[in-house]
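See the structures that follow.
You will see subunit A twice below: alongside subunit B first, and alongside subunit C after that.
Coming up: the complex of A and B.
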C-alpha cells in the first residue's frame, strides 16, 4: 500500500464527505464487480469502478481522488441500475468530482481552454462540460 | 398476607455490572409482603436452585419472585425447583432484569432503580397468584406429512417404522420431489435415482403409510394432538386401483405437450406418468391438454386400456382425517428466470436454470444424459455458469444466500467436462461456499483436475449478438472486464419457498418469514418445531439446504413426532382463558376475536336467587386456547380472565408501576 500523507482523521473526514454528498453508504458494496462488468467506460479508467469504492473503503481516498476514473465516468447510471446491493456508484463518482471541484482541483479551467475548442464546441456541450468538470 | 420470597440473580456480570443487585435485594426486604429477599451469583446453577428450594421449605413461602433473565430462558427451571419444594409452580414469577434492565441501560443508578420497580410490581402480581394445574388432553397417534420430497419421505419412513400410522400428502401425482429430477449428486457424484428409488419404493409399500398423491391439504382445525384436516384429492381420471401400469395409454395417446417434470426440456403425453421409476407408477390425464376434454372426441386411451380403468367423469374428493401432529415438508422452487431482466428474462432458449441442466444431464432425462442445448440440440462447446442469480441480491428482494448453488454449479461444470473434454466451462461466482464434508475438496477437483475456470465477479448482462449469446462479466481478482461468447448459459437461480407455501402456512396457522420459508420456533434450539404446537418442519420448506442436511433435519422432526406419540396423553398449559359463568352475559363478543377459534357458546344452568335458569355463556376449549388474552380484553362484563395473567394480577402490577 502507498504511504499515506493524510492523517486518519482527515481521511475519515473525506469519507464522511463522500457519503454526505452522495447519500450512499460505501460499506454496503460487497465488491461483486457487476457495476464494472457492464460499465461502458471501465476499459478507459485507470482504476475500475468497483475498485474506486474499495479504495474508499480501505481509506485510500487519496488514490481514489487522484485517479482519472471519476472524470471518465459517463454518469450513465447503468451501475446503479444493476447493483444488487442498491449502491448508487454514479453518485459516488459525482461526489468525488464535487470534492475535487470544491477543493479547487477541477478538471478544466475556463481560461485554459483553447479558443478554437470553444469556437467548435456546441453551447450545450460547453455548459455540460463546465457542469461536470468544473 | 402471603409470605413471598424474592431472589435477585447476578447472572455473573451480566446483571450485576449494571444493576446493584445487593441494593435491590436489601430494598425488597423491607417491601410489604416480602418475607425473605436475597441475591445470588447464578440462581440457575444447582446450588442456586437448592437455595430456592431450601428457602421455600424453611420459610413456608407461598409465592416467589426470581429477578433474573428472560422467562424464556429459565422460567421452567425455577418453576420446577419450586414444585420440588412443594410450591405450586404457577406461584413463581420471573422479573426480567437482564434483557429489560442491565442489558439495555448503561447508567447503573437508573438501571437499579428500574430493576427494583419491576421486581416490586412482580411481587404485587404474585400476591394475587393462584394454584394452577395442567390438564390432560387426549392424543391421536397419527401424523400428517405434507410434501413427498426427500424430507417428507424421510419423516414418513421414520415415524412409520416406529409403529405409528402416517398420511403422506403430495400435490404432484408422484413422490420424490425435486431430488427425483436430479442427475448426479455432490459431492460423491452418485446418481440421484439410485439413492432415491429405494426410498420411494419403501414409502410406496410400507403398511403404516397411506399415500395421497395428487392431493392438497385445504383445511386444518383443532389443536396439537387433536387436529382435523381436510385433504382435497384431485381427479386423476384413471382408476388407480384397477390400473396395472402397462402404460399402453401413454404410448398410444396422440397428444404431446411440455412436461413440468422436465422443466420444459422434454415432452410428455396428455395421459402420462412423469418418469419411469415414479411411485405410484400410475398415469394421470391432464385435463388442460387432453383432446377428449377439449373436443369430446378421441378416447384412444379407453380403447387401448386392457382393464378398462379410464374414468373421464372422475371428480375431486374431500377426505377428512383426524391426526395428532403435522410435519410441513413442502420444499422449494426456483426463482423464475423471467424475473432476471439482465439475464434475458427467460426469452433465450439457451439460457437455462440449474434444474433444467439437471434434466439434460440426467440419464433418464429427455436427452438420455447427453448434454445438448435446447435451441438446436447441439453439444455446447462453451458453457457459462452464473452463480447467485437472484440470490444475495437486495435489489431483487432476496438478500439471502441460497446455500446449495455453489456446490451444484461445481457439479454441473464437472459433469459437462467429463462429457466434453475440450469444452470450456466458466463459472462466475462471488464467493465459493463449500462448507460441508468433502465439499471444498470437490470444488478444488473441478478446478485442478477438470480445469473449470472460476471467475470472481458478477455478470452484468447476457444478450444475443449475431445469433450468439454474449456474457458480459468481470474478474475482480485481475480487475479485467470479461466478454464471453457462450453456447449455453446456466443460471444458478435463487431457491425460493415452494409456490403456495404462504397459503399453506395460513391454512395450518403456521408463520412464514418475509420470503415465505416456514418459521422455526427458535433459530438455534428449536429448528424443527414451528411456533404452532404440534406442527413440525423439515427440509427446504424451512430454508434452502442440500440433501444430507435435509435428511438430518427430517430425522429430527420425526424424532419429535415419535417423542410426542410415546405418551398416552398430552399435558396442556393451565395458563389459558377462563370464563366466570356467573358474570358472562353470553354476548360472545370474545368469539370472533380469538385467533385460535377456542371460544364456543354453551347453554348452562345457573342459579339466580333460589331458582335455576338456563342461559348461554362462552366456553373455552383448553386445547385450542394459547393464552394470548385477547378475549379477556374484549369482554365487557369482565367475565373472561386469563389464568396466570388475571385482570387482578395485571392491575396490581400496573398500580405498583404507575401510582
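Coming up: the complex of A and C.
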C-alpha cells in the first residue's frame, strides 16, 4: 500500500491547480473511454488517458502525477476532437506536465539529450520537446 | 495572389529541400510568397495552458506583422500552421488575450484580421488544383502516393477548419491533380508520436509502425507529408522496421511539394531528392518518372 503523503486540503489544491492551468472542468468526464480508444500512445502509458482523469476526480492526484502517461501524450488532439463531453484531455495532460516542470521536475534536461538525437531531429521537434518536457 | 510567408525554423535549416520546392512550385501556381521580415520561431507547439499567455507572444508578433503588410499569412510546416492558426483563433475570439498581448508587446491591437493559410489551402483558394493539372508536364502516372496528414493540420478542427478531421480529402485532390494515384490508408490521420521521440526510448515505435504498415498494406510507393517531425519519425523508425521485418519494403517519405516539382518537370537535381532520408529515386525511376541518368 502506498503511504498517503498529502492531506485532503493539499489534494484539493492540486485539483484546483490542474483545473486552473488546463481551464477544463475535470468532472465533466463521464468515463466513456472514447479518448483512450483513439489515443495512439495509450498502449505505451502505464495509466490510460481516461483513467488519468478518473484518478484526478477521485483525488488520487499523486498517482496521476507519478505516472508516465502525461510525458507520453503527444498532444495530437484526437481525444479532444472526439470527446462527447467536450473535455480537452490534451489540456489536462499539459497541466500535469506543467505542474511537474514548474515544481522543478522536468522530464529532460538539455545536456541529457544525446548528440545524435540533436543532430538528426528537426528543429521543430527539438523545440516542441523542450516546450513540453522542460 | 500575394501572401506573407512564414517558413519556420526547420525549413530554413534542416529541410531546405522542402523550402526550395515550395518556392519553385508556388510561383508556378501564381502564389507569390514573400518571406515575413524578422520572423521568429512560432514555438512549435501551441501552449495549452489557460493561466499563461507568454507562449503566444511570438506567433502573435508574426500575425501582427503580416497584418501590417496587408496580407494573409501562408505557412507550410504543419506545426507552424497549427500554432499560428490557433493563435489567430484565440486573438479573434478572446478580447482579453489580445489586449494582454498587445499591451505587453506595446503594439496596436490585432484581432485576427489576417487569415492564416496552409499552402494547400492557398492552392484551394486560388484554383491551384486545376492549375496543377494544366501545368503538370510529367504526370506521375501509376505512382501510388499515400497522403499522411497526421494531427497538426486537422485538429482541433473547430479552430483550424482545414478539412473534415476524420475524412480529409485535400491531399487526395492534390495527388490526383498531378496524375498520381491517391492511396487510401486507414492511419493517415493518426499521430506519429511527435516530440516523444526525443527521449530515445523508442516509445513512438508502435505509432510509426502502424502508420507505415497501414500504407504498405495498400501498396503505397511513396508517403507524403507536410510536417518535418512526422517525416523524421516515419523515416527513422522505418530504418529499424526494415531491419526487423524482412518482408517490409521501404517506402520513401517526401515533402508534398517535392513531388509537385517533379510533376512540373523541374530538373530532378532541384527537387531535393538527394537529401531525403530514404531515397525515392529508385522507385521513381522504376515508374519512368525520372530517367536512369537522373537517378544517379
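One rule holds in what follows: the second predicted complex is superposed on the first by the 131 of 134 C-alpha atoms of A that agree within 3 Å, B and C clash if a C-alpha of one lies under 4 Å from a C-alpha of the other, contacts with A are read in each partner's own complex, and residues count from 1 in each chain.
Definition applied: a contact is a pair of C-beta atoms (placed from the backbone, for glycine too) under 8 Å apart; a residue touches a chain by one contact, two chains touch by 3 or more.
Quick caveat: nothing in here was measured; it's all calculated off a predicted structure.
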item	value
Touched partner set for A:32, first subunit B, second subunit C, both or neither	first
First, second, both or neither for A:51, with subunit B first and subunit C second	first
Touched partner set for A:108, first subunit B, second subunit C, both or neither	second
Superposed model, subunit A: greater residue contact from subunit B or subunit C	C
Which superposed partner A:83 touches (first subunit B, second subunit C, both, neither)	first
Touched partner set for A:132, first subunit B, second subunit C, both or neither	second
Touched partner set for A:43, first subunit B, second subunit C, both or neither	both
On subunit A, the residue positions that both subunit B and subunit C contact, one per complex	43, 78
Residues of subunit A defined as touching subunit C within the complex	20-23, 40-41, 43-44, 71-72, 74-78, 80-81, 88, 90-91, 94-95, 98, 107-108, 113-114, 117, 120-129, 131-133
Subunit A-touching residues of subunit C, taken from the complex the two chains share	8-10, 13-15, 41, 43-45, 47-51, 55, 77, 79-80, 151, 154-157, 165, 190-200, 203-204, 206-207, 210, 227-229, 231-232, 236
Contact footprint of subunit B on subunit A as seen in their complex	30-39, 42-43, 48, 50-51, 78, 82-86
Contact set on subunit B toward subunit A in their complex	342, 388, 392-396, 430, 456-461, 472-476, 479, 481-482
